[in-house]
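The data blocks that follow each hold one structure.
Each of the next two complexes has chain A plus one more chain, namely chain B in the first and chain C in the second.
This part shows the complex of A and B:
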(Lines of atoms letter the chains of each structure in order from A and count residues from 1; the text may use other names and numbers.)
(Lines give C-alpha, C1' and ligand atoms only; values in the text may rest on other atoms or scores of the structure.)
Protein backbone atom coordinates (compact mmCIF):
# COMPACT_ATOMS: atom_id res chain seq x y z
CA UNK A 1 0.00 0.00 0.00
CA UNK A 2 1.22 3.48 -0.89
CA UNK A 3 1.23 6.35 1.60
CA UNK A 4 -1.07 9.15 0.47
CA UNK A 5 -1.00 11.66 3.28
CA UNK A 6 -0.57 15.20 1.98
CA UNK A 7 -1.24 18.76 3.05
CA UNK A 8 -4.55 20.46 2.36
CA UNK A 9 -2.81 22.74 -0.12
CA UNK A 10 -1.37 19.79 -2.08
CA UNK A 11 -4.76 18.07 -2.21
CA UNK A 12 -6.50 21.28 -3.36
CA UNK A 13 -4.01 21.51 -6.23
CA UNK A 14 -5.16 18.11 -7.54
CA UNK A 15 -8.43 19.70 -8.63
CA UNK A 16 -8.15 21.09 -12.16
CA UNK A 17 -10.37 23.38 -14.26
CA UNK A 18 -13.53 21.78 -15.62
CA UNK A 19 -13.56 18.73 -13.35
CA UNK A 20 -16.75 17.08 -12.09
CA UNK A 21 -16.59 16.69 -8.31
CA UNK A 22 -18.81 14.35 -6.33
CA UNK A 23 -19.36 15.92 -2.92
CA UNK A 24 -19.71 13.58 0.07
CA UNK A 25 -22.02 14.02 3.03
CA UNK A 26 -25.56 15.30 3.09
CA UNK A 27 -27.04 18.73 3.90
CA UNK A 28 -25.00 20.07 6.82
CA UNK A 29 -23.72 16.56 7.71
CA UNK A 30 -20.15 15.37 7.11
CA UNK A 31 -19.53 17.68 4.15
CA UNK A 32 -15.91 18.43 3.22
CA UNK A 33 -16.62 22.07 4.03
CA UNK A 34 -13.07 23.23 4.70
CA UNK A 35 -11.87 21.60 1.47
CA UNK A 36 -14.57 23.45 -0.49
CA UNK A 37 -13.65 26.72 1.25
CA UNK A 38 -10.01 26.03 0.32
CA UNK A 39 -10.99 25.72 -3.35
CA UNK A 40 -12.52 29.21 -3.24
CA UNK A 41 -8.99 30.55 -2.56
CA UNK A 42 -7.54 28.77 -5.63
CA UNK A 43 -7.70 29.97 -9.25
CA UNK A 44 -9.50 26.77 -10.35
CA UNK A 45 -12.68 27.38 -12.41
CA UNK A 46 -15.53 25.82 -14.44
CA UNK A 47 -16.05 23.00 -11.93
CA UNK A 48 -19.19 20.90 -11.85
CA UNK A 49 -20.60 19.27 -8.74
CA UNK A 50 -22.83 16.26 -8.20
CA UNK A 51 -24.37 14.35 -5.30
CA UNK A 52 -27.72 12.88 -4.38
CA UNK A 53 -28.23 15.54 -1.70
CA UNK A 54 -25.47 18.12 -1.98
CA UNK A 55 -25.22 20.50 0.95
CA UNK A 56 -22.95 23.15 2.34
CA UNK A 57 -19.74 22.10 0.48
CA UNK A 58 -21.44 22.17 -2.94
CA UNK A 59 -23.21 25.39 -1.93
CA UNK A 60 -19.83 27.04 -1.34
CA UNK A 61 -18.57 26.04 -4.81
CA UNK A 62 -21.74 27.03 -6.67
CA UNK A 63 -22.28 30.26 -4.69
CA UNK A 64 -18.74 31.52 -5.37
CA UNK A 65 -18.94 30.76 -9.09
CA UNK A 66 -16.29 28.02 -8.83
CA UNK A 67 -18.86 25.54 -10.11
CA UNK A 68 -21.19 26.42 -12.96
CA UNK A 69 -23.30 23.27 -12.94
CA UNK A 70 -24.82 20.99 -10.32
CA UNK A 71 -26.35 17.54 -10.80
CA UNK A 72 -28.53 16.55 -7.86
CA UNK A 73 -31.71 15.06 -6.50
CA UNK A 74 -32.17 17.56 -3.67
CA UNK A 75 -30.02 20.61 -2.91
CA UNK A 76 -30.49 22.15 0.52
CA UNK A 77 -29.09 22.41 4.02
CA UNK A 78 -32.13 21.10 5.92
CA UNK A 79 -33.65 21.94 9.29
CA UNK A 80 -32.77 25.32 10.79
CA UNK A 81 -29.96 25.84 8.28
CA UNK A 82 -32.66 26.23 5.64
CA UNK A 83 -32.20 26.63 1.93
CA UNK A 84 -28.81 26.67 0.26
CA UNK A 85 -27.93 30.38 -0.03
CA UNK A 86 -25.07 30.05 -2.54
CA UNK A 87 -27.09 27.79 -4.82
CA UNK A 88 -30.02 30.23 -4.78
CA UNK A 89 -27.77 33.17 -5.51
CA UNK A 90 -26.19 31.34 -8.47
CA UNK A 91 -29.34 29.82 -9.95
CA UNK A 92 -32.20 32.27 -9.46
CA UNK A 93 -32.85 35.55 -11.24
CA UNK A 94 -32.37 36.76 -14.78
CA UNK A 95 -28.68 35.94 -15.17
CA UNK A 96 -27.91 32.67 -13.40
CA UNK A 97 -24.23 31.73 -13.08
CA UNK A 98 -24.92 28.03 -12.58
CA UNK A 99 -27.22 25.52 -14.19
CA UNK A 100 -29.07 22.82 -12.28
CA UNK A 101 -29.75 19.36 -13.59
CA UNK A 102 -32.31 18.07 -11.16
CA UNK A 103 -33.37 14.47 -10.89
CA UNK A 104 -30.07 13.21 -12.24
CA UNK B 1 -39.57 9.50 -15.22
CA UNK B 2 -42.73 9.01 -17.28
CA UNK B 3 -45.09 11.93 -16.87
CA UNK B 4 -42.39 14.36 -15.73
CA UNK B 5 -40.75 17.15 -17.73
CA UNK B 6 -37.27 15.82 -17.08
CA UNK B 7 -37.06 14.00 -20.43
CA UNK B 8 -37.79 17.16 -22.42
CA UNK B 9 -35.73 19.46 -20.21
CA UNK B 10 -32.54 17.44 -20.44
CA UNK B 11 -32.38 15.60 -23.75
CA UNK B 12 -28.61 15.14 -23.35
CA UNK B 13 -29.23 13.28 -20.13
CA UNK B 14 -32.21 11.02 -20.81
CA UNK B 15 -32.96 8.79 -23.80
CA UNK B 16 -36.01 6.65 -24.41
CA UNK B 17 -35.02 3.26 -25.82
CA UNK B 18 -36.65 -0.04 -26.50
CA UNK B 19 -35.93 -2.91 -24.15
CA UNK B 20 -34.08 -5.49 -26.30
CA UNK B 21 -35.98 -8.37 -24.67
CA UNK B 22 -39.56 -7.18 -24.18
CA UNK B 23 -39.82 -4.26 -26.64
CA UNK B 24 -41.07 -2.05 -23.80
CA UNK B 25 -40.10 1.65 -23.90
CA UNK B 26 -37.61 2.42 -21.13
CA UNK B 27 -35.91 5.62 -20.01
CA UNK B 28 -32.12 5.44 -19.94
CA UNK B 29 -30.23 7.91 -17.74
CA UNK B 30 -26.70 8.86 -18.68
CA UNK B 31 -24.25 8.01 -15.88
CA UNK B 32 -22.07 10.68 -14.29
CA UNK B 33 -18.36 9.92 -14.04
CA UNK B 34 -16.95 12.32 -11.44
CA UNK B 35 -13.23 13.09 -11.72
CA UNK B 36 -12.91 13.28 -7.94
CA UNK B 37 -15.03 12.45 -4.93
CA UNK B 38 -14.34 14.81 -2.05
CA UNK B 39 -15.29 12.95 1.12
CA UNK B 40 -14.84 13.88 4.77
CA UNK B 41 -14.54 10.88 7.10
CA UNK B 42 -13.94 10.33 10.80
CA UNK B 43 -11.08 7.85 10.43
CA UNK B 44 -8.55 7.05 7.72
CA UNK B 45 -5.13 5.43 7.75
CA UNK B 46 -2.11 6.79 5.88
CA UNK B 47 -2.91 4.59 2.86
CA UNK B 48 -6.47 5.86 2.39
CA UNK B 49 -8.50 3.09 4.02
CA UNK B 50 -11.41 4.98 5.53
CA UNK B 51 -14.13 4.39 8.06
CA UNK B 52 -17.34 6.37 8.16
CA UNK B 53 -19.05 6.44 11.56
CA UNK B 54 -22.79 7.00 11.43
CA UNK B 55 -24.64 7.26 8.12
CA UNK B 56 -22.69 6.71 4.89
CA UNK B 57 -25.25 8.62 2.80
CA UNK B 58 -24.16 7.94 -0.82
CA UNK B 59 -20.44 8.27 -0.12
CA UNK B 60 -19.59 4.61 -0.71
CA UNK B 61 -21.26 4.79 -4.13
CA UNK B 62 -19.62 8.14 -4.95
CA UNK B 63 -16.18 6.72 -4.19
CA UNK B 64 -16.78 3.78 -6.58
CA UNK B 65 -18.25 5.95 -9.34
CA UNK B 66 -15.39 8.47 -9.32
CA UNK B 67 -12.06 8.22 -11.07
CA UNK B 68 -10.24 9.34 -7.92
CA UNK B 69 -11.00 10.11 -4.27
CA UNK B 70 -9.70 12.87 -1.99
CA UNK B 71 -10.31 12.18 1.70
CA UNK B 72 -10.24 14.72 4.48
CA UNK B 73 -10.30 13.03 7.86
CA UNK B 74 -10.91 13.97 11.47
CA UNK B 75 -7.91 11.84 12.41
CA UNK B 76 -5.40 9.42 10.99
CA UNK B 77 -5.57 6.03 12.69
CA UNK B 78 -3.31 2.97 12.59
CA UNK B 79 -4.06 0.38 9.92
CA UNK B 80 -4.69 -2.10 12.75
CA UNK B 81 -8.14 -0.45 13.14
CA UNK B 82 -9.04 -1.65 9.64
CA UNK B 83 -7.46 -5.08 10.19
CA UNK B 84 -9.46 -5.62 13.39
CA UNK B 85 -12.81 -5.05 11.63
CA UNK B 86 -12.21 -5.19 7.85
CA UNK B 87 -15.91 -4.98 6.99
CA UNK B 88 -16.14 -1.53 8.55
CA UNK B 89 -13.80 -0.06 5.93
CA UNK B 90 -16.21 2.01 3.83
CA UNK B 91 -13.61 3.20 1.30
CA UNK B 92 -10.57 1.02 0.52
CA UNK B 93 -7.13 2.46 -0.21
CA UNK B 94 -7.12 1.39 -3.87
CA UNK B 95 -9.73 4.08 -4.67
CA UNK B 96 -7.98 6.90 -2.84
CA UNK B 97 -5.40 9.42 -4.11
CA UNK B 98 -5.07 11.78 -1.18
CA UNK B 99 -5.54 11.72 2.60
CA UNK B 100 -5.60 15.07 4.39
CA UNK B 101 -5.70 15.14 8.18
CA UNK B 102 -8.17 17.94 8.82
CA UNK B 103 -9.86 17.88 12.25
CA UNK B 104 -13.04 19.94 12.10
CA UNK B 105 -13.06 19.53 8.31
CA UNK B 106 -16.87 19.48 8.18
CA UNK B 107 -17.32 22.68 10.24
CA UNK B 108 -19.37 24.78 10.41
CA UNK B 109 -21.54 21.74 9.73
CA UNK B 110 -21.93 18.49 11.63
CA UNK B 111 -19.67 15.45 11.87
CA UNK B 112 -21.03 12.69 14.10
CA UNK B 113 -19.81 11.99 16.81
CA UNK B 114 -17.20 14.77 16.87
CA UNK B 115 -19.46 17.84 16.68
CA UNK B 116 -23.20 17.33 16.71
CA UNK B 117 -24.74 20.69 15.91
CA UNK B 118 -24.37 23.31 13.23
CA UNK B 119 -22.36 26.33 14.41
CA UNK B 120 -25.12 28.83 13.72
CA UNK B 121 -22.99 31.89 14.47
CA UNK B 122 -20.66 30.81 11.69
CA UNK B 123 -23.59 29.84 9.49
CA UNK B 124 -25.05 33.33 9.77
CA UNK B 125 -21.63 34.70 8.88
CA UNK B 126 -21.53 32.39 5.86
CA UNK B 127 -25.01 33.47 4.73
CA UNK B 128 -23.93 37.11 4.93
CA UNK B 129 -20.68 36.33 3.09
CA UNK B 130 -22.65 34.68 0.25
CA UNK B 131 -24.85 37.77 -0.10
CA UNK B 132 -21.93 40.19 -0.09
CA UNK B 133 -19.69 38.00 -2.26
CA UNK B 134 -17.13 37.63 0.52
CA UNK B 135 -16.99 33.84 0.87
CA UNK B 136 -13.22 33.75 0.14
CA UNK B 137 -12.72 36.10 3.10
CA UNK B 138 -14.83 33.73 5.24
CA UNK B 139 -12.67 30.87 3.89
CA UNK B 140 -9.48 32.63 4.94
CA UNK B 141 -10.84 32.95 8.46
CA UNK B 142 -11.95 29.30 8.63
CA UNK B 143 -8.64 28.03 7.21
CA UNK B 144 -6.32 30.23 9.20
CA UNK B 145 -3.15 28.26 9.95
CA UNK B 146 -4.23 25.26 7.87
CA UNK B 147 -3.05 26.18 4.39
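This part shows the complex of A and C:
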Protein backbone atom coordinates (compact mmCIF):
# COMPACT_ATOMS: atom_id res chain seq x y z
CA UNK A 1 0.00 0.00 0.00
CA UNK A 2 2.82 2.41 0.81
CA UNK A 3 3.96 2.63 -2.78
CA UNK A 4 0.42 3.59 -3.78
CA UNK A 5 0.50 6.75 -1.67
CA UNK A 6 1.65 9.70 -3.74
CA UNK A 7 1.05 13.40 -4.27
CA UNK A 8 -1.78 14.68 -6.42
CA UNK A 9 0.71 15.80 -9.08
CA UNK A 10 2.33 12.38 -9.17
CA UNK A 11 -1.06 10.74 -9.55
CA UNK A 12 -2.08 13.14 -12.32
CA UNK A 13 1.13 12.38 -14.20
CA UNK A 14 0.21 8.68 -14.35
CA UNK A 15 -2.73 9.42 -16.61
CA UNK A 16 -2.25 9.00 -20.34
CA UNK A 17 -4.50 9.53 -23.36
CA UNK A 18 -7.28 6.99 -23.72
CA UNK A 19 -6.98 5.51 -20.23
CA UNK A 20 -9.97 4.04 -18.43
CA UNK A 21 -10.20 5.55 -14.95
CA UNK A 22 -12.13 3.82 -12.16
CA UNK A 23 -13.58 6.67 -10.14
CA UNK A 24 -14.13 6.28 -6.42
CA UNK A 25 -17.03 7.66 -4.46
CA UNK A 26 -20.75 7.71 -5.07
CA UNK A 27 -22.80 10.67 -6.29
CA UNK A 28 -21.56 13.73 -4.40
CA UNK A 29 -19.75 11.71 -1.74
CA UNK A 30 -16.10 10.69 -1.41
CA UNK A 31 -15.30 11.79 -4.97
CA UNK A 32 -11.79 12.42 -6.31
CA UNK A 33 -12.87 15.94 -7.19
CA UNK A 34 -9.47 17.64 -6.93
CA UNK A 35 -8.00 14.89 -9.08
CA UNK A 36 -10.65 15.51 -11.74
CA UNK A 37 -10.09 19.26 -11.59
CA UNK A 38 -6.34 18.67 -11.89
CA UNK A 39 -6.86 16.55 -14.99
CA UNK A 40 -8.73 19.39 -16.69
CA UNK A 41 -5.45 21.33 -16.59
CA UNK A 42 -3.50 18.51 -18.26
CA UNK A 43 -3.28 17.90 -22.03
CA UNK A 44 -4.69 14.36 -21.75
CA UNK A 45 -7.66 13.37 -23.89
CA UNK A 46 -10.03 10.54 -24.84
CA UNK A 47 -10.31 9.31 -21.26
CA UNK A 48 -12.99 6.82 -20.20
CA UNK A 49 -14.50 6.76 -16.73
CA UNK A 50 -16.27 4.00 -14.87
CA UNK A 51 -17.97 3.70 -11.50
CA UNK A 52 -21.08 2.22 -9.92
CA UNK A 53 -22.51 5.68 -9.28
CA UNK A 54 -20.21 8.31 -10.75
CA UNK A 55 -20.87 11.81 -9.55
CA UNK A 56 -19.19 15.18 -9.43
CA UNK A 57 -15.65 14.04 -10.36
CA UNK A 58 -16.75 12.07 -13.43
CA UNK A 59 -19.15 14.87 -14.32
CA UNK A 60 -16.23 17.30 -14.46
CA UNK A 61 -14.27 15.01 -16.78
CA UNK A 62 -17.17 14.27 -19.13
CA UNK A 63 -18.51 17.82 -19.08
CA UNK A 64 -15.15 19.36 -19.95
CA UNK A 65 -14.55 16.92 -22.79
CA UNK A 66 -11.66 15.14 -21.10
CA UNK A 67 -13.61 11.88 -21.08
CA UNK A 68 -15.56 10.60 -24.06
CA UNK A 69 -17.22 7.56 -22.51
CA UNK A 70 -18.66 6.62 -19.15
CA UNK A 71 -19.57 3.18 -17.85
CA UNK A 72 -22.03 3.42 -14.99
CA UNK A 73 -25.06 2.17 -13.14
CA UNK A 74 -26.30 5.57 -12.04
CA UNK A 75 -24.66 8.84 -13.09
CA UNK A 76 -25.96 11.73 -11.04
CA UNK A 77 -25.52 14.05 -8.11
CA UNK A 78 -28.47 12.84 -5.99
CA UNK A 79 -31.45 14.87 -4.96
CA UNK A 80 -30.04 18.15 -3.80
CA UNK A 81 -27.79 18.76 -6.81
CA UNK A 82 -29.93 16.78 -9.24
CA UNK A 83 -29.02 15.32 -12.59
CA UNK A 84 -25.35 15.58 -13.58
CA UNK A 85 -25.11 18.72 -15.77
CA UNK A 86 -21.76 17.97 -17.44
CA UNK A 87 -22.82 14.44 -18.30
CA UNK A 88 -26.13 15.62 -19.72
CA UNK A 89 -24.43 18.32 -21.79
CA UNK A 90 -21.99 15.78 -23.21
CA UNK A 91 -24.39 12.87 -23.73
CA UNK A 92 -27.65 14.29 -25.05
CA UNK A 93 -28.79 16.14 -28.13
CA UNK A 94 -27.84 15.86 -31.78
CA UNK A 95 -24.07 16.15 -31.32
CA UNK A 96 -22.98 14.40 -28.15
CA UNK A 97 -19.30 14.41 -27.22
CA UNK A 98 -19.43 11.36 -24.98
CA UNK A 99 -21.09 7.96 -25.00
CA UNK A 100 -22.97 6.30 -22.18
CA UNK A 101 -22.64 2.61 -21.42
CA UNK A 102 -25.03 1.61 -18.67
CA UNK A 103 -24.49 -1.47 -16.60
CA UNK A 104 -27.82 -1.65 -14.92
CA UNK B 1 -57.15 13.26 10.50
CA UNK B 2 -57.67 16.21 8.21
CA UNK B 3 -55.77 16.65 4.94
CA UNK B 4 -53.75 19.86 4.97
CA UNK B 5 -54.00 20.22 8.72
CA UNK B 6 -52.67 17.02 10.22
CA UNK B 7 -51.01 15.59 7.13
CA UNK B 8 -50.31 16.33 3.48
CA UNK B 9 -49.26 14.41 0.39
CA UNK B 10 -45.74 13.64 1.70
CA UNK B 11 -47.10 12.04 4.87
CA UNK B 12 -49.79 10.06 3.02
CA UNK B 13 -47.21 8.88 0.50
CA UNK B 14 -44.79 7.79 3.20
CA UNK B 15 -47.51 5.98 5.11
CA UNK B 16 -48.51 4.14 1.93
CA UNK B 17 -44.88 2.98 1.65
CA UNK B 18 -44.80 1.92 5.31
CA UNK B 19 -47.97 -0.15 4.94
CA UNK B 20 -46.39 -2.15 2.09
CA UNK B 21 -43.70 -3.51 4.41
CA UNK B 22 -44.54 -6.86 5.99
CA UNK B 23 -43.01 -8.65 8.94
CA UNK B 24 -39.79 -10.41 8.05
CA UNK B 25 -39.22 -8.57 4.78
CA UNK B 26 -35.79 -7.77 3.39
CA UNK B 27 -36.32 -4.22 2.13
CA UNK B 28 -33.93 -2.20 -0.02
CA UNK B 29 -33.68 1.41 -1.14
CA UNK B 30 -30.82 2.94 -3.05
CA UNK B 31 -29.29 6.34 -3.52
CA UNK B 32 -31.34 9.50 -4.14
CA UNK B 33 -34.24 7.97 -2.21
CA UNK B 34 -35.16 10.32 0.67
CA UNK B 35 -38.86 9.43 0.65
CA UNK B 36 -38.41 5.65 1.08
CA UNK B 37 -35.62 6.39 3.55
CA UNK B 38 -37.92 8.34 5.88
CA UNK B 39 -40.72 5.81 5.42
CA UNK B 40 -38.48 2.86 6.25
CA UNK B 41 -37.02 4.59 9.31
CA UNK B 42 -40.56 5.33 10.51
CA UNK B 43 -41.58 1.71 9.89
CA UNK B 44 -38.83 0.71 12.31
CA UNK B 45 -40.24 3.08 14.94
CA UNK B 46 -43.63 1.46 14.44
CA UNK B 47 -42.06 -1.86 15.38
CA UNK B 48 -42.12 -3.54 12.00
CA UNK B 49 -39.63 -6.39 12.01
CA UNK B 50 -37.79 -6.14 8.71
CA UNK B 51 -34.22 -5.84 7.46
CA UNK B 52 -33.27 -2.34 6.28
CA UNK B 53 -30.80 -2.68 3.42
CA UNK B 54 -29.36 0.34 1.68
CA UNK B 55 -26.66 1.41 -0.72
CA UNK B 56 -24.29 2.67 1.97
CA UNK B 57 -23.76 -1.06 2.52
CA UNK B 58 -25.12 -0.99 6.04
CA UNK B 59 -27.76 -3.32 7.46
CA UNK B 60 -30.22 -1.98 10.05
CA UNK B 61 -28.42 1.29 10.84
CA UNK B 62 -29.37 3.48 13.79
CA UNK B 63 -32.64 4.77 12.34
CA UNK B 64 -33.23 7.26 15.16
CA UNK B 65 -30.36 9.50 14.08
CA UNK B 66 -32.15 12.19 12.05
CA UNK B 67 -31.07 12.85 8.46
CA UNK B 68 -29.99 16.43 7.72
CA UNK B 69 -29.87 16.21 3.93
CA UNK B 70 -31.93 14.42 1.31
CA UNK B 71 -28.95 12.32 0.21
CA UNK B 72 -29.28 8.66 1.08
CA UNK B 73 -25.58 8.00 0.63
CA UNK B 74 -24.43 9.74 3.79
CA UNK B 75 -23.29 8.09 6.99
CA UNK B 76 -26.83 8.62 8.27
CA UNK B 77 -27.91 5.36 6.67
CA UNK B 78 -24.74 3.54 7.76
CA UNK B 79 -23.74 4.52 11.30
CA UNK B 80 -24.83 1.95 13.84
CA UNK B 81 -25.31 -0.82 11.26
CA UNK B 82 -25.40 -4.31 12.69
CA UNK B 83 -23.60 -5.67 9.62
CA UNK B 84 -21.92 -4.36 6.51
CA UNK B 85 -21.64 -5.83 3.05
CA UNK B 86 -20.52 -5.04 -0.48
CA UNK B 87 -22.66 -3.56 -3.24
CA UNK B 88 -22.57 -6.87 -5.09
CA UNK B 89 -24.17 -8.59 -2.10
CA UNK B 90 -27.38 -6.58 -2.64
CA UNK B 91 -27.71 -7.93 -6.17
CA UNK B 92 -26.82 -11.43 -5.01
CA UNK B 93 -29.49 -11.22 -2.30
CA UNK B 94 -32.21 -10.49 -4.84
CA UNK B 95 -30.82 -12.92 -7.43
CA UNK B 96 -31.08 -15.81 -4.98
CA UNK B 97 -34.64 -14.84 -4.10
CA UNK B 98 -34.10 -13.48 -0.60
CA UNK B 99 -34.95 -9.85 -1.26
CA UNK B 100 -38.61 -8.96 -0.75
CA UNK B 101 -39.08 -5.27 -1.57
CA UNK B 102 -36.97 -2.86 -3.62
CA UNK B 103 -37.96 0.79 -3.63
CA UNK B 104 -37.06 2.13 -7.08
CA UNK B 105 -38.11 5.18 -9.05
CA UNK B 106 -38.25 6.40 -12.63
CA UNK B 107 -38.41 9.33 -15.02
CA UNK B 108 -41.45 7.85 -16.77
CA UNK B 109 -43.57 4.74 -16.42
CA UNK B 110 -46.37 3.20 -18.49
CA UNK B 111 -49.33 0.93 -17.79
CA UNK B 112 -47.27 -2.22 -18.32
CA UNK B 113 -44.71 -1.08 -15.75
CA UNK B 114 -41.97 -0.34 -18.26
CA UNK B 115 -39.68 2.23 -16.69
CA UNK B 116 -37.57 4.94 -18.30
CA UNK B 117 -34.42 5.91 -16.42
CA UNK B 118 -31.92 6.08 -19.25
CA UNK B 119 -33.12 8.39 -22.02
CA UNK B 120 -36.16 10.40 -23.05
CA UNK B 121 -36.95 11.57 -26.57
CA UNK B 122 -34.43 12.29 -29.30
CA UNK B 123 -33.62 10.05 -32.23
CA UNK B 124 -31.97 7.08 -30.51
CA UNK B 125 -30.15 5.93 -27.38
CA UNK B 126 -27.01 7.89 -28.27
CA UNK B 127 -28.90 11.06 -29.23
CA UNK B 128 -31.62 11.55 -26.61
CA UNK B 129 -33.42 14.76 -25.83
CA UNK B 130 -32.71 14.08 -22.19
CA UNK B 131 -30.03 11.84 -20.78
CA UNK B 132 -31.22 10.35 -17.52
CA UNK B 133 -29.08 9.00 -14.72
CA UNK B 134 -29.48 5.33 -15.65
CA UNK B 135 -31.20 2.43 -14.02
CA UNK B 136 -29.06 2.17 -10.88
CA UNK B 137 -29.35 -1.59 -10.94
CA UNK B 138 -33.08 -1.72 -11.52
CA UNK B 139 -32.75 -3.95 -14.59
CA UNK B 140 -30.97 -6.50 -12.41
CA UNK B 141 -33.20 -6.27 -9.35
CA UNK B 142 -36.71 -5.92 -10.82
CA UNK B 143 -36.80 -9.35 -12.55
CA UNK B 144 -35.83 -11.02 -9.25
CA UNK B 145 -37.80 -8.92 -6.78
CA UNK B 146 -41.13 -10.35 -5.54
CA UNK B 147 -42.57 -6.89 -4.81
CA UNK B 148 -40.92 -4.02 -6.65
CA UNK B 149 -42.28 -0.70 -5.42
CA UNK B 150 -41.92 2.19 -7.83
CA UNK B 151 -42.23 5.41 -5.87
CA UNK B 152 -42.80 8.61 -7.81
CA UNK B 153 -43.46 11.87 -5.99
CA UNK B 154 -45.22 13.50 -8.93
CA UNK B 155 -48.31 12.28 -10.75
CA UNK B 156 -48.96 13.83 -14.15
CA UNK B 157 -49.31 12.83 -17.78
CA UNK B 158 -45.63 13.59 -18.48
CA UNK B 159 -44.64 10.96 -15.95
CA UNK B 160 -47.44 8.37 -16.19
CA UNK B 161 -47.24 8.04 -19.97
CA UNK B 162 -49.10 5.90 -22.48
CA UNK B 163 -45.91 4.24 -23.74
CA UNK B 164 -42.32 4.36 -22.55
CA UNK B 165 -40.18 4.48 -25.68
CA UNK B 166 -36.91 3.22 -24.19
CA UNK B 167 -37.42 0.98 -21.19
CA UNK B 168 -34.51 0.73 -18.79
CA UNK B 169 -36.31 -2.15 -17.15
CA UNK B 170 -39.61 -4.01 -17.34
CA UNK B 171 -41.49 -5.93 -14.67
CA UNK B 172 -41.36 -9.70 -14.41
CA UNK B 173 -44.67 -11.28 -15.36
CA UNK B 174 -44.67 -13.56 -12.30
CA UNK B 175 -44.01 -10.84 -9.74
CA UNK B 176 -45.73 -7.88 -8.19
CA UNK B 177 -45.04 -4.34 -9.23
CA UNK B 178 -46.57 -1.60 -7.11
CA UNK B 179 -46.63 2.03 -8.18
CA UNK B 180 -47.12 4.61 -5.42
CA UNK B 181 -47.82 8.22 -6.39
CA UNK B 182 -49.03 11.23 -4.38
CA UNK B 183 -52.59 10.37 -5.47
CA UNK B 184 -52.94 6.61 -5.46
CA UNK B 185 -51.52 3.12 -5.68
CA UNK B 186 -51.46 1.00 -8.84
CA UNK B 187 -50.70 -2.73 -8.71
CA UNK B 188 -49.63 -5.28 -11.30
CA UNK B 189 -50.25 -8.72 -9.86
CA UNK B 190 -48.24 -11.84 -10.75
CA UNK B 191 -49.59 -13.24 -14.00
CA UNK B 192 -50.96 -9.91 -15.12
CA UNK B 193 -49.35 -7.54 -17.56
CA UNK B 194 -50.85 -4.17 -16.68
CA UNK B 195 -51.36 -1.94 -13.70
CA UNK B 196 -54.77 -1.73 -12.11
CA UNK B 197 -55.80 1.16 -9.93
CA UNK B 198 -55.76 -0.34 -6.44
CA UNK B 199 -56.81 2.55 -4.20
CA UNK B 200 -56.82 6.32 -4.04
CA UNK B 201 -55.78 8.61 -1.22
CA UNK B 202 -58.36 10.45 0.89
CA UNK B 203 -57.89 13.89 -0.67
CA UNK B 204 -58.34 12.92 -4.34
CA UNK B 205 -60.84 11.33 -6.70
CA UNK B 206 -60.70 8.73 -9.46
CA UNK B 207 -61.44 11.59 -11.87
CA UNK B 208 -58.34 13.50 -10.74
CA UNK B 209 -56.22 10.35 -11.04
CA UNK B 210 -57.55 9.77 -14.57
CA UNK B 211 -56.91 13.38 -15.60
CA UNK B 212 -53.30 13.06 -14.55
CA UNK B 213 -52.60 9.63 -16.06
CA UNK B 214 -51.95 9.21 -19.79
CA UNK B 215 -52.99 5.53 -19.87
CA UNK B 216 -56.56 4.38 -19.69
CA UNK B 217 -57.84 3.54 -16.23
CA UNK B 218 -60.71 1.08 -16.40
CA UNK B 219 -61.49 0.82 -12.70
CA UNK B 220 -64.51 2.84 -11.66
CA UNK B 221 -64.82 2.01 -7.99
CA UNK B 222 -61.76 1.56 -5.81
CA UNK B 223 -61.29 1.91 -2.06
CA UNK B 224 -59.96 5.03 -0.41
CA UNK B 225 -56.89 4.34 1.70
CA UNK B 226 -57.25 5.23 5.35
CA UNK B 227 -55.49 8.48 6.23
CA UNK B 228 -52.35 8.33 8.35
CA UNK B 229 -52.91 7.43 11.97
CA UNK B 230 -51.61 9.56 14.80
CA UNK B 231 -49.09 6.80 15.55
CA UNK B 232 -47.81 6.78 11.95
CA UNK B 233 -47.48 10.57 11.87
CA UNK B 234 -45.65 10.53 15.20
CA UNK B 235 -43.23 7.91 13.85
CA UNK B 236 -42.50 10.05 10.78
CA UNK B 237 -41.87 13.09 12.96
CA UNK B 238 -39.64 11.13 15.31
CA UNK B 239 -37.23 9.96 12.60
CA UNK B 240 -37.42 13.10 10.48
CA UNK B 241 -37.43 16.28 12.61
CA UNK B 242 -35.78 18.22 9.77
CA UNK B 243 -38.60 17.28 7.37
CA UNK B 244 -36.47 15.68 4.69
CA UNK B 245 -39.71 13.95 3.66
CA UNK B 246 -40.99 17.17 2.12
CA UNK B 247 -37.99 17.52 -0.18
CA UNK B 248 -39.45 15.76 -3.20
CA UNK B 249 -42.98 17.19 -3.09
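Criterion: the second predicted complex is superposed on the first by the 97 of 104 C-alpha atoms of A that agree within 3 Å, B and C clash if a C-alpha of one lies under 4 Å from a C-alpha of the other, contacts with A are read in each partner's own complex, and residues count from 1 in each chain.
Going forward, a residue touches a chain if its C-beta (ideal position, glycine included) is under 8 Å from a C-beta of that chain, and two chains touch if they have at least 3 such contacts.
Only a predicted model underlies this, so the values are computations on that prediction, with no experimental measurement involved.
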item	value
Superposition on chain A - do chain B and chain C clash or fit	fit
Which partner reaches more residues of chain A (counting touched residues only), chain B or chain C	B
First (chain B), second (chain C), both or neither touched by A:14	first
A:86 touches, of chain B and chain C: first, second, both or neither?	first
Which of chain B and chain C A:52 touches, first, second, both or neither	both
Touched partner set for A:62, first chain B, second chain C, both or neither	neither
Chain B versus chain C as contact partner of A:4, first or second or both or neither	first
First, second, both or neither for A:71, with chain B first and chain C second	first
First (chain B), second (chain C), both or neither touched by A:37	first
Chain B versus chain C as contact partner of A:29, first or second or both or neither	both
Least Cα gap, in Å, left between chain B and chain C after the two complexes are fitted on chain A	5
Chain B/chain C common contact set on chain A	26-29, 52-53, 79-80, 102, 104
Touching residues on chain C, where the partner in the complex is chain A	30-32, 34, 55, 69-74, 87, 117-119, 122-123, 125-140, 168-169, 247-248
Parts of chain A lying in touch with chain B, wherever the complex brings them together	1-11, 14-16, 19-38, 40-41, 50-53, 55-57, 59-60, 63-64, 71, 79-81, 85-86, 89, 101-104
Residue ranges of chain B in contact with chain A within the complex	4, 6, 10, 13, 29, 32-41, 46-48, 52, 54-55, 57-59, 62, 65-66, 68, 70, 72, 76, 79, 93, 96-102, 104-112, 118, 120, 123, 126-127, 130-131, 135-136, 138-140, 142-143, 146-147
Parts of chain A lying in touch with chain C, wherever the complex brings them together	26-29, 52-53, 72-76, 78-80, 83-84, 87-88, 91-94, 96, 99-100, 102, 104
